[in-house]
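Following this message is one structure expressed as structure tokens.
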Amino acid sequence: MRARFALSLVVTALALGAVTAAATAADRPDPAADAKAFRDFFVKKFPKVKFEDFVNGPYSMNEDMRRQWEDKEQFPPYEFALEAGKEMFGTPFKNGKSYADCFANGGIGVRQTYPYFDEQEGKVVTLELALNKCRETNGEAPYSYVKDEMASLTAYMAYTSRGKPFDIKIPNDPRALEAYEKGKEYFYTRRGQLNFSCASCHVQNPGERIRAEILAPAIGILNAMPIYRSEWSGMGTISRRFTTCNSQIRGVPLEPQSDEYRDLEYYLSYVSNGLPISGPGARP
Amino acid sequence: MTASFGPSVTRRLIIKGAAVVALVGFGHKLLGPWPALAAANDKYPEDAFKQKGAPDAIKALYGRDHEASDKVKLDAPEIAENGGVVPISVTTTLPDVTSISFIVSENPSALAASYKIPPGTVPAVANRLKMAKTSNVIVLVEAGGKLYSATKEVKVTVGGCGG
Amino acid sequence: MASSIRVRAILNGDTTDVQTLIQHPMDTGLVKDAKGEVIPAHYIQQLSFEHNGKAVFLADWGTAVSKDPYVKFAFKGAAKGDELKVSWVDNQGATDSLTAKIQ
Amino acid sequence: MTTTMNKRPNTAMKKIMFAAIMMAAGAMPARAASEADFKAAFAAADSAEKEAGRLRNQWTTTEAALAAAKKAAETANFDQAVMSAREAEALAKASIFQATSEKERWKDMEIR
């Protein structure tokens, strides 16, 4: 028990502090300016990294790891999931319809347009959500959001979009702007006992080691999703990445595809606009 | 490095190649005898894989001493990105190579993999191994009836035994 | 059922480069599942490659080979279109095999 | 770009955590704790954790301490149960403080 108290102290002392910045209350939301500042920040912080290489996460920042990755990419560990996803995607539902019927262009080469803001529902719709909606509309049970079938399906859809730049739009709808702003707030808000925000790791310290891992830059981090993580010995979706990030900082994860995560994905994808989809990816 | 390498393009090409070749085949499980491994000296070295330490494993497998050789080139990362998947490869300029084996000294069982190299096969192997913790990796090359080796330490911060 | 084996065999000059990825858990027998029960050892012990009825590469594996194992080697003497037969057997007696065409 | 990479410890957070820890540690009852003590302590912790839940900011460590409290109570180890419940309450309150103070403070970290 005492040990845990002591740990709490250490942990809190380690927590990253922020600077008291100028008053920001008067700022008006301006996603385009945000995205530019975001991009400029990373380009300036990592002058040697080619812009498109940010989608390769930690491998863009560490030579030894990059070699291991390139070696693995000769026969990538996500290959089985990718093939399974392709087969699943092409298999009709019991009612004769298929995934292709639920998406523009039959679902091929469209991953870069997700998430989008659905003006009818008034909410952000992610690819994972759209896939399960498609299943449910056609009388099929939804899949778990974190791995297995969902990871295989999104792996295949990402694969058909490889090289296509993220193309996330914020429609002229105050609710869309609000979702974006909420996503941004989630991204920068410290949480969990470690008192870390997403930005503590992926803005302030990309390229640095935390425990054993080399942190990925926030920009382009979703472009490689879903990923085969050696640590998971398997595939994981964006939902899995968000929930495990939260647990790692000792926060109780929210439900996959809860509004917060949807908004976060919206924000993070928007500020990576222009960077190509590279998923499925492989990560340590 | 960063400038010349276009990962998404490279991977796309790679996968396309894979799809073409991988589909020529039949995947049913065979339960009968196994012709490819029927040859007499292809027996699985059960005993060597059971040994705990590197010296015992090498003794059980080869029954002789090894000497370090600069003709054996072992390629392994300085720091494994994950102990569960450590890419390790070897090439050698030694003639008459008959087998190549990989030892991870600090693993619960030191012998990781052993490969027989028939005449006509290039004496070079790349594979991916699990490492429980920071350890020496020893590669053994059996050539012309002698045993040569190369050793490199690989640091592991996330072990490969966590599943 | 899809094969557990993926092979890429490509002729470069007089040498055929072979890369293989196999879907297999390669359980060490040292790991416990979520319920705290030991997952029994389950790993491929032997993997063979045969060209024109002749063994060109033989692998003996223990539990330290990574999950979904990968191996790469090269051999001489093959021509484009030749068949390469890949087979494995694991410690529980399961086997799989596949014949790929050299590209 | 006005973001500054300052890693100075977050003093407000440090203070509240320290106070919370002192509170939990210093509040060890002199007499042996009863089931009623446990129930009261657990209810207080549980209510704080529910509040953290409404703020969408629960901590895994709070959950662990709550579980430890329950487990100790099951074996009638009420001293331990009360201690764990108080720890949980302290942690839950710290998480509430964190969520409330971050309402505006997150903007300090923003890249702009």
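Chains: A, B, C and D, in written order; residue numbering restarts at 1 for each.
As a convention for this text, a contact is a pair of C-beta atoms (placed from the backbone, for glycine too) under 8 Å apart; a residue touches a chain by one contact, two chains touch by 3 or more.
Keep in mind it's a predicted model, so treat the numbers as computed, not measured.
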Based on C-beta pairs in contact, work out which chain pair has the most and send it over. B-C
Could you tell me the distance, in whole angstrom, between the mean C-alpha positions of chain A and chain B? 35
Starting from the mean Cα coordinates of chain B and chain D, work out the distance between those two points in Å. 50
Could you grab the centroid distance between chain C and chain D? Build each centroid from C-alpha atoms only and quote it in angstrom. 52
Distance-wise, how many Å sit between the C-alpha centres of chain A and chain D, to the nearest whole number? 29
Where in chain C do residues touch two or more other chains at once? 2, 6, 8, 67, 70, 72
Quick check on chain B: which residues sit in contact with 2+ other chains? 18, 84-86, 89, 126, 128, 163
Spell out, as numbers or ranges, the residues of chain A touching 2 or more other chains. 72, 74-75, 77, 79, 233
Which pairs of chains touch each other? A-B, A-C, A-D, B-C
Provide the residue numbers of chain B that touch chain C in the complex, in ascending order. 17-18, 20-22, 24-31, 34, 36-37, 39, 42, 44-45, 49, 84-86, 89, 104, 107-109, 111-118, 120-122, 124-131, 160-163
State the interface residues of chain A toward chain B in the complex, per the touch definition above. 48-50, 53, 55-56, 60, 63-77, 79, 82, 159, 162-163, 211-214, 230-231, 233, 276, 278, 284
Which of the residues in chain A come into contact with chain C in the complex? 72, 74-75, 77, 79-80, 83-84, 87, 233
Which stretch or stretches of chain A touch chain D in the complex? 1, 4-5, 8-9, 12-22, 24, 27, 33-34, 37-38, 40-41, 44, 184-185, 188-193, 195, 197, 199-200, 203-204, 247, 250-252, 254, 260
Chain D residues within the chain A interface of the complex: 1-11, 13-14, 17-18, 21, 24-25, 56-61, 63, 65, 80, 83-84, 87, 91, 94-95, 98-99, 102, 105-112
